[in-house]
Every structure is written in structure tokens, then in C-alpha cells.
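Going in written order, the chains are labelled A, B, C, D, E and F, and every chain counts its residues from 1.
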Amino acid sequence: MNSDSNGHPSDIVADSANNIPRLPTGIPGVDALTFGGVPRSRPTLVCGTSASGKTVFSVQFLACGIQHYDEPGVFVAFEETPQDIRENMAGFGWKIPQWEQDGTWKFVDAGLLPDEEEHLVNGDFNLEGLRTRIRHAVESSGAKRVALDSLAAIFTRFPNPGVVRRELFRMTSVLKELGVTSLLTTELLQGDETTTRFEVEEYVADAVIVLRNRPSVARRRRTIEVLKLRGGQHKTGEHAFSITANGVHAIPVGSMA
Amino acid sequence: MNSDSNGHPSDIVADSANNIPRLPTGIPGVDALTFGGVPRSRPTLVCGTSASGKTVFSVQFLACGIQHYDEPGVFVAFEETPQDIRENMAGFGWKIPQWEQDGTWKFVDAGLLPDEEEHLVNGDFNLEGLRTRIRHAVESSGAKRVALDSLAAIFTRFPNPGVVRRELFRMTSVLKELGVTSLLTTELLQGDETTTRFEVEEYVADAVIVLRNRPSVARRRRTIEVLKLRGGQHKTGEHAFSITANGVHAIPVGSMA
Amino acid sequence: MNSDSNGHPSDIVADSANNIPRLPTGIPGVDALTFGGVPRSRPTLVCGTSASGKTVFSVQFLACGIQHYDEPGVFVAFEETPQDIRENMAGFGWKIPQWEQDGTWKFVDAGLLPDEEEHLVNGDFNLEGLRTRIRHAVESSGAKRVALDSLAAIFTRFPNPGVVRRELFRMTSVLKELGVTSLLTTELLQGDETTTRFEVEEYVADAVIVLRNRPSVARRRRTIEVLKLRGGQHKTGEHAFSITANGVHAIPVGSMA
Amino acid sequence: MNSDSNGHPSDIVADSANNIPRLPTGIPGVDALTFGGVPRSRPTLVCGTSASGKTVFSVQFLACGIQHYDEPGVFVAFEETPQDIRENMAGFGWKIPQWEQDGTWKFVDAGLLPDEEEHLVNGDFNLEGLRTRIRHAVESSGAKRVALDSLAAIFTRFPNPGVVRRELFRMTSVLKELGVTSLLTTELLQGDETTTRFEVEEYVADAVIVLRNRPSVARRRRTIEVLKLRGGQHKTGEHAFSITANGVHAIPVGSMA
Amino acid sequence: MNSDSNGHPSDIVADSANNIPRLPTGIPGVDALTFGGVPRSRPTLVCGTSASGKTVFSVQFLACGIQHYDEPGVFVAFEETPQDIRENMAGFGWKIPQWEQDGTWKFVDAGLLPDEEEHLVNGDFNLEGLRTRIRHAVESSGAKRVALDSLAAIFTRFPNPGVVRRELFRMTSVLKELGVTSLLTTELLQGDETTTRFEVEEYVADAVIVLRNRPSVARRRRTIEVLKLRGGQHKTGEHAFSITANGVHAIPVGSMA
Amino acid sequence: MNSDSNGHPSDIVADSANNIPRLPTGIPGVDALTFGGVPRSRPTLVCGTSASGKTVFSVQFLACGIQHYDEPGVFVAFEETPQDIRENMAGFGWKIPQWEQDGTWKFVDAGLLPDEEEHLVNGDFNLEGLRTRIRHAVESSGAKRVALDSLAAIFTRFPNPGVVRRELFRMTSVLKELGVTSLLTTELLQGDETTTRFEVEEYVADAVIVLRNRPSVARRRRTIEVLKLRGGQHKTGEHAFSITANGVHAIPVGSMA
């Protein structure tokens, strides 16, 4: 087992000489695709259309940390409620309620609270409060991994993109400052396969992973692509990706950047 | 006959270990496509272009509940009047007027009333009143199924999407709180086959079913696709779908998510 | 000769058990396409690009009523003047001036009157007045059929779509209340073959017929398609359609919904 | 030689029983395409992209009237100056300056006059004045034909489309009232081959002729199509069209509406 | 050597009977393409995407005038500075600095001067001043040719297209009044190969030449097309076009308008 | 070793007679593509979609200057922090921290500072201050090369494109005045392969290089194209381009402009 410069007790797969430090996700196939995992202590963006598996991917990112690397995690839920996440993910064998009791999983509920609705319409939703709650959840649990699912929900709530951009910069500053490796999900612009929906999410991320759910002859065919990974090598192009009863997995083939 | 955790006396088809609880719709083929039905006690979105069969589908969802599962239903009519629905659906052998007398079918008329028109133009249509009427209809009839047809009509009536979004969140909160399984119809964006017309409807739904009416060589060819089903397995891709004198039915083939 | 529930003395072609009551148009081929005609006492939308034959179709709808079913008709002219209609349609052998004398054809001129122009620019054109004139024309002539050609003209005149929508709802309410079977024409959005130009016309109609004028190798090829018919069966897909010295006719082939 | 109901001494080619009265243009091929010419005493729209030959077509329409039918003409010049038209058309052998001296050709200069420029920017350009000048030119010369080239220039000058639409309605009312047969040119929307650029021009015209200048293997290929002709038959589809030292001509082949 | 009506001592190539007077450009191939050159004493528009060769073409237009026809020229530089033009064009063997000393080449610098920047942002840039400087440069040098490169730069500087349009009309009025043959460059709208970027430039020009730089198998392939030439014949379609160490040249093949 | 007119001690590769002075980049393949390098003492634009290699390219441009030509460099970081650049580029063997100590590499941090955020939202970010910092960094280090990565970040920060344009003009004026050869990166408009995202960047650059990251059968295929090089020859079309453990390199083949 290796120990990187921040002292995390994770084993680092394939951390070749010319690469920045990585955090192995533990998601089958994804660490092979990225030659060792996502950039450690930095934000990674996971984007895809609706139903492409972004939520399953980000839950599994935390589940793997808890199950294989002893790394607690924080899940910031913008779209589904924590209760929905618990129920929807139970079928994959992930015991979120138990991990919550163990203190290795913490939810930050960033959805609409009944009394917040009016504020949203007026545009004065307070992300500062959210950052404080995330910071507190990370510090109290010793979390090494944070997932935010999904940024698209913030953008549709807020009419002012300038404000959202500033808030996102601040959010990723806090995440970097906390030293956690984070995963942010967002939506792809329809009909434009490499642009995120709100055009600014990719400025805040050091790596970009794209999930697709392409129409195919008699079914949908899922793929995963590492589009960008600053400071490191990775496989390029689309690779097969599935969602099964055990969660997601990628099946990497072929060439590199 | 099974009994799920909420005690509904429906038989649950194919409710495999790793799936959230389902409500079998009773619509031929649809329960096979979804491996057991739509998410129980949650909202499902049915989207399609004009004439794709959304209204027939949602009426049949209630009719099956009444005829096969002893489950009363509430139909919230935004586009056609209750009288139009009664007449248009009589040809399928569904005795809506009789069910209304039996107390197993209730209409909530959410169309334009003559005196409401001015309000609509001024933007002050009151969805709170509508929610109260839906709640009352559900509670007085013991309804287990609710259909809202179609959300597109609300969006074209209201100029302010922020307000509509808030109202929809509130609407689905009420539906979940009432414990009913609901079906909401909406329109697809033309030329963009996986985006709903108003972009927010899919945030409020746990499952998304797409109906298409594709031009084909000498006729139109209807298809159905389960695009998303949070927390559960389902068949993927487009499957044949028809509207006959007995209502709609799907003919599922092939592979899964 | 049959007699439907409203007591109209029209013979009803192919009114199978599972269909709402129909009014046979008398236009060759169209009643076969629709399995008996358009929905009786309800509005049907006819849409097509410029020159697709909408005006000829709607005039012929009234002409057939007068000639074959003894049903008087009212023509609401938004685009061409009554005098233009009279002259342009004379070539098809339709004696509109004579029918006007007989009292079986009535024009409502909804075009621009010289003194109304300023009002239009100011946006205060009064559709209430128009509705009153239509109601009066129907009641004084005992009309069973009404044609409005074309709604597109109203939309380009009025800048406020909210107002137009409300006015259209009111218009079709009046038409239903009068018990007449009506035909409303409108334009298709260019490049989008199933969306009407102003997006709201189809909410007010129970049936939608599309006329196309497709470029073909050495000429244009005309087609007709019944896109939607609430509450009833109909043939699907595009069928041949021509304009000859006797007016329009469709040549239906093939399969059904 | 025939004489139509307005007593014009033109011979009417192929004026079959079921057609409205026509005015033969005299442009080679065009009267065969339209089965006798454009609608007499009504406005016809000629549309095409830049360089498609609209100006040559409309000048030739007047030149033919003067040379073959003894019909004086008025040319309303919006885009090129009268002097430009005189020079540019001299190469075709059309002696416009001589016709001006004979009193059979009159120019109405509707271009930018130096002192009008400020008015244009302020939006108060006065089409009433222009109508008066056209009326005077028609009455003083006994003109039977009027060409306006091109309407697109008015639309780009005026920011308010509502005002332009009203002005165009008034303009065509005056032209009809004067009993002249008129030809109005305008631009096609790029990339949309059957829609005029400003969407309203076609409401004011009873016939629509489209000129195209399609890229072809080693050159451009010109075509002409009669897209619409209210109240009459015509050939359909695209036919060959050329500009030679003698002006334009069409080479009609094939089938009819 | 011919002498046209304005007394210019240029030889006029192929000025056939039915054409307006031309000014041979001297650019290899271009006079064959246009059957004798661009319209004399009138403005010609040269449009193309970035890097298509517009600047080289317009510099060569002046260089040819000086070298082959003894015609002084004025270059109005909107985009590159005069110094950039001098340096960038030196490689083609054009001795602009020497011509400036000889008085046969004059620059009008229409770029951003440091103290003008604030004015631009405020929208009060004064084209009247520019016209005066052009007029002075033409009169003091006896210039017969003027190039303006490129109009696109004015449009991106000014937010108000109405003002720009008026200013362009005034500019071409001055150029015609001065009797010079002018060449104005502008940009093509991306993805729309026959529309100029700002939609009004073509109203002010009597001829339109399009330069393209198409992606081809292993390289870019340059082409030139005379799209429009009012009052005259010309070859049609795209012809090969290159930029070599001697400047640009066209290689015309084939058929005519 | 040659010495150009500014006295820089760089060897100039392939500076043929008819070309403006070049600065060899030292990036493998790029100097062959451009026939000697980018225009010396002028700005060159490098554009590409996200992950196309713009940042690696611009860092390597400075690294080559330091390693092969003894030319100090200044890196203006708009998107990634200097610390991110140091870490991300370490894998390529570039010892930025050491060069910083040697005084041959200077960072200008143009990212968001915590206290600047509010200013950005208010639109009063001060590029004058940035220009002063760049000028100081260049003068204090004797830098011959400057990289700005990426301009896209400025455009998304500032809502007013008029202001940004003015600021960019001023920025390139300063860079030219300092006599440095500069490289500015920016984003391509999605779906439009030759237009930069904000449409004005190309006015300020004398050369344009495009990096692409095209989807290919089983992977992404990187290419490089010199789209424009004012005043000089260059190879045209797309050439292979890779990012390896040693940085980027191009593999030029084929023909020229």
C-alpha cells in the first residue's frame, strides 16, 4: 500500500512517473481508464444526459471509498432527497443507512426545503450556508470523498449565471482547501456532446468524465469517456459502460492520449 | 397476491431483490418493460409529441387500477374537458361515467373556466387551489392512482417558468405525501428526442417513459421507451406500441439496462 | 341515411362501435382516411405550408355540406377577401355567389378593414366582435359547418400570444356551444413537420390534418395525413392528395392507427 | 386577340375555363409555366436569393408590356438608383431612357435620398408619400404594369415589422384599386427555401414565383418555380431558367398542380 | 488601348456589347472570370471567411493598378495597421513604402487610435471624418482605385446596425461621386455560404466575389466565385484560387451566367 | 545561428525570402508546419475545444524558449492557478519551479482572487492592473515569449463584450510594444470549426493555430492546423498532433497555402 504526499492510506494504481497524484475510485474499470484514478484532492466533473447514470456513479464513488479504502464520504443531494437516494440505491447492496449510523456517510440535503421555495423565486438562496454545512460535514466525519449531485439543479434554480459561477468557484475553493477529492455531476447540452449545459462547470474541474446513453439498434448502449485529465495520461475515446445489480462498471479497451 | 410495505393489495410482478417497490400498471406490456411497473408512491413522467397517445395511456392507467386492482383513481384534466375525456374514451370500452357514479373515478377539471381566463392572462392562476382539489379528490375516493394530463398546458398558460417550477415541486410533494402513484404527461421538445419541452418536468419524476409516433414508409410507427427508472432495472431502447380498440399496449423485446 | 345523437340528417360512413360521432366531409378520400369524417360538433385543425391547399380544402368542406348534405356553412375569411374567395373558387365550379343568395353560404369578413388598421397596430383588435358576427351568421343561416381560414393571419397581426391563445379558446368554446363542426386552418412551422406555427392552435382542436407540398424530382408532390383524431380510429401516414379542376381529393391507401 | 373583363387589349394565352383572368407577362416560358400569365390586376411576388435575377425579371416584365402589349409600366426602385437600372439593363437591349421620353416607362425612386437618411434612422420614413407618387405615376402614364424591386430593402430600413406589414397592406390595396398587375420582389430566407425573409410578404400576394441560383457541380444552375397561384392552375416544381444577353427565359417541362 | 467614357487610359478586356463598363483588375484570372473586370466606378464586394485571402486580394487590386495601369490607389485599413500591411505584403514583392514615396499609394488608417477607444465604446466614432480623409487621399493622389479592408471590423465596433447601414450608404455614395472603382471586403456568415455577416453590405455593392477556404482531404482548397455582377455577364460557380509568393490568382474554367 | 532585425539570438529556420520574420517555437513539428515559426514580436492565437491541449501547448512554448533558445518567458494564468500549472506540467519534465528560481519563468496570476470576486460580479475587474503586471514581469525578466491562457476565461467573466474587445486591443498593443512574441489561447465555438468563441479574438492575432480533438472509431484523434498566418507561407489542412510524456508534437505532411 502506497502513501501519497497528503498521507492518505490508499494504494495508488499505475501512478506513473509523469502523472499528478491520483485517488483510485474503486469503480471497476474507471481506474484503468484514468491510469490510476481521478486527480487526488481536486474536483472531477461527471457529465451526462438524464438517466446516463450520474447519480449511481457518484453514490458508488463514496460507497467504494467506505468499503475498500476506509475513506468516509459526504453526499450533497441537490436533486433527489436523501431518503430517495437511500431507497433507490438499496438495490445495489449499498447500506447507506448503516453507514450513516457508523458515521462514514453523511448527507447534506441541498434540495428545496418548503420554506426556502419563496427565497428561490426571489433569487436569494444562500450557497454560503451550504458551503458551511459541507465544510462541517467533512470535518466532523473526516471525509476524504465528496459527491455533489447535480450542479444542473442549481443552475435551473438560479436565474443569474454570473452569481452561480462565482458561487461554484467558491465551492470548489472550499473543497480544495479541505483537501477532499470531489466529484461534481452536471448535464450535457443536448445535441452537443462535449459542452456542459451551463458552460462554466468545466472551468472548475481538473478532470472531465462523460457518460452517454446512446440510442442503438434494439436498445440503448451506455459509454464512458475520460474527456480531460489535467496533468496526467488517460485512455481516450468511448468505452463500454453498464449499470447492473452491483452498480456501474466500465470496460476499457485500447489506446491512450 | 403480494402486499408491499405500504400494504397495497396489488400483486407485484417481477419485483426482484434489487429494485424499489413497484406498482403494476396493468397496461399490457408496460409491466414487463419496467420489470414490475412504475415506482410505487412516486411520480412517473410520460412524454411524447402531440398524438403519441399520452392521454389514452394515462386514462388506461386509471382504468386498469379500477378494473384489475380495485384501486380508485383521480384524473386531473388540463387540456381536454372531463366531458371530452368521457366521450373520447368511451370507444375503448371504459365506462368512466359509471365509475364516477361508483365513486372509483374522480375528475379534477383543471382547464380554463370562463371566469378564470382573465386571471390567466394576468398570471395569477392559483395552483394552490388545484392542489387542494386534488388532495380532496384523493382523500374522498381513497385513490391510489392519479393522472395529470398534461403539464404542457400549464407551461403554455404561465409565462413565468420559475413560478411553474416551484408549483410543480409543490404538486409532486403533495402527491408523494398522499402516498399515491402518479403519472404526469408532458410534451417532448420537437427535434430533440430526449428533452422535455419545459426542461424541468424531469426533475420531479423518478421514472420517464417516452412515447413516439415516428414517420415510417407508408404509415406512422408507434414506439415506447423507458428512458429512466431511478432505483430499478428496466428494459432499454424503443419497443413497439399500438393504440387499438382495447386501448394501448406495448410489445417488449430484448435486453436490459 | 343515419341520424346521429344530435339528429343531423347526414349519413355516417364507417362509424364503428368504438368511435366518437363523425361528420362526413364529403371531400373525396377524406372520409375514408378518417373512418367516417371529422369529429362532429368539434373543431378540426388543417395545417400546411403556403400553397398546400388549405383554402381550397376549407371552401370545399362548406361546398360539400351545401351540395351533398343540405348543410349551410359559414366562411370566416382572415386572409383573402370574400371577393377574392368568390373569384378564386369559381374555377372549381363552386357557385358561392348563388349560395349566398340562397342563404346557404355566409361570409364573415375578418380581414383588415381600412379603418381597423390603426387599431391593429395598437393591438386592440376586437375578437369579441368577431365572435358575435360568427354566432349571428351561424344562427341566422342554420349553419352546420364553419371554416376559419387562416388562424396564422391572426397571430401575425397580434403581438401578444397570451391574448391570442385566450381569444382562440373563447372562439372554439363558442363554436362548440353552437354545435357546429368547424375547420380551422393554420400554417406549419417551416422545417418542423409536425408543429404548428404558433404552438397553441393544436390545444383547441380534437383532430389534426396535415397538408404537405413536398419537392419531388420534377415537380411538387402533395400529401395529406391525419395526424391526430381524439376518440377515434383513422388511417396513419401520408397519402396522395391533389388539386384538380374539381377541387381537392385524397387517395388513401394502407394501414391504421 | 382576346379582351378580358377590364378591356385590356392583351391576348390571353391558355385562359382555360377554370382559371381567374391572367395577364401574359411576355417573358419567354413564364406564361407557359403559369398557364397564361400572372393574375391580372393583382399582385404577384417574385422571390429569390441575392443575384437570382429578380431585378432583371421585374425590368423585363415592364419591357415586355411596352414592347409586345402596348402597356406602359412604372418601376419603383428601392435598391438600385434609376440611373443604375438604366445602365445595368442597357446590355439587354432595353432602351429605358427612350421609353421614359415616350412616356411608356416611369421611374419612382424609392431609394435613400440624402435628406431622408436621418428620417430613416428615426423610423419616420413616409410610405404614404411613396404611395401617392406611385398612384400619380400610374395615372399620368396609364400604366397597366407596376414593378416594385425590392421589398427586402424596406424591411431592412424599418425596425418595426408591424408598421411595415400595415404599410404593405396599404400599398397592395392601392395597387389593386388602380387595377394594375403588379410584381413585387423580395428575398428568400437563407437555408429555408419556401419562406420569404420577412414572413409577411406572401400574405399580400396572390401568386408566388421563386427564383433559385443553386450551386451545381462546376457552375450555378438557375431555376424558376411557380409556388402558388391562387384561383388557377400552373405547372409545379423547378424548371430551368437562364439570364442571357436577351434577358431571362424559362424552359418549362412536365406536369401540373 | 481603349478609353472608356470616363477617359481612363486602361485597356478594357472583353468588354462585350451587352455589358456595363469594366475596370480590369489585373489580378491573374479574375478579369477572365468577370469577362473584363469589376464594374468601373462602382463598388465591388469581396467576401470570405477569416484567412480566405481578402487582404491579399485587395492589396493586389491596388498593386496591379499601380504596376500595370498607372492608376494610383488608396488603401483604407480597418483591421491591420498600415505598418502591418507593409510588412505582411513585402513578401509578395509589393514595394508599398516606395509607392507611398512615389505618391501612387496612400494609406488611410481607420484602425483604433489610442484616444479613439473610449469613443468607440460610447458609440460616437465619426465616419464622417473617415469619409473626409478618404476623399482627401483620393483627390490628392488622383487615385482610381480604393480598397476598404474590412467592413466587418466596423460592424463589430459599432453596436447599432442602423447607424452602420446609413454610414455605409454614405460611404459608397462618396466613392461613386469620386468616380473611383472600389473594393470592399467583408466576412461571410459561418455556415451560410452566400450571406454576408451583417446582411447589409451587399445592398451597397454592384458585384459580389466570394473567396472560400474549404477543408479538403489533406489540405485546404481555395476557391473564388463571382456571385453577382449587376449589368453584366460573368462565369458562374467556384473556380480554383491560390495564394503564392506572387500574390493571388484564379484559374477559371467552364460556363457562364 | 541567425540574428533577426530585433537582434534576438534565435536561429531562424526556413525564413524564406517572401516571409515576415519568424520565431521558431521549438515545439516539434510546429516550425515545419509554419515554415519557420510564429510571427516574431506579434500575437498568435491558439484555439481549440476543452482538452485539446491548449495549456500544454502554451506552457511548452515557454519551456522551449528557456531550454533551447535562452529566452525567458512569462505565463499569464487566467484559468488554472500557477500552483496547478506547476503540478500539472511536472509530469512532462518541465521544472517550472526551478526556472522561477533562475528568473527565466515568471507567472502572472490572472485568476480569481478571493477579494476580487465581488468586483467581477459588478463588472469592474481592472485589466489595466493586469497589463501593468505583465509589463513589469516582461521587463524585469527580459522575457521574449509570453503566453496568455486562456482568453475564454476573461470573456465568461465579463458580461460586456465591447469592454472586453477594447481591453484585448489594449493588451495586444502592449505586447507588440514590448516586442515580445506572444501566444494567446481561446476556445472554439462548438459546432463551428473555424470561428472562435467570442468572435473578436482573431482580429487581434496575426496567426491562428487550431487544435482539434476529434472523435474517431475507438479513440480521439488529435490534429493541428495553421489556419492563418498573415504575411507568410505555411502548410495547410489538419496534421496529426499528440500529447505524450514529453509534451506535444505535430507530424506535418503534405502541401502548402
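To be clear about the criterion, a residue touches a chain if its C-beta (ideal position, glycine included) is under 8 Å from a C-beta of that chain, and two chains touch if they have at least 3 such contacts.
Quantities reported herein were computed from a predicted structural model and do not represent experimental measurements.
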item: Intersection of the contact lists for subunit E and subunit F; value: none
item: Farthest-lying chain, centroid of Cα atoms versus that of subunit A; value: D
item: Equivalent interface positions on subunit D and subunit E, same or different at half; value: different
item: Distance-maximising chain from subunit E - centres being C-alpha averages; value: B
item: Angle, in degrees to the nearest 5, of the Cα rotation that carries subunit C onto subunit D; value: 60
item: Rounded Å distance, subunit B centre to subunit E centre (Cα mean); value: 63
item: Gap in Å, rounded to a whole number, between the CA centres of subunit E and subunit A; value: 55
item: Separation of mean Cα positions, subunit B and subunit A [Å, integer]; value: 32
item: Contacts with two or more other chains, residues of subunit C listed in rising order; value: none
item: Graph class of chain-chain contacts, one of line, ring, star, complete, other; value: ring
item: Contact footprint of subunit A on subunit F as seen in their complex; value: 49-51, 55, 79-80, 84, 87-93, 112, 114, 117, 120-121, 153, 156-157, 159, 190-191, 215-216, 218-220, 242-243, 245
item: Touch list for subunit F against partner subunit E, complex; value: 17-20, 162-163, 165-166, 169-170, 173, 192-195, 199-200, 202-203, 206, 208, 227-228, 230-233, 235-238, 253-255, 257
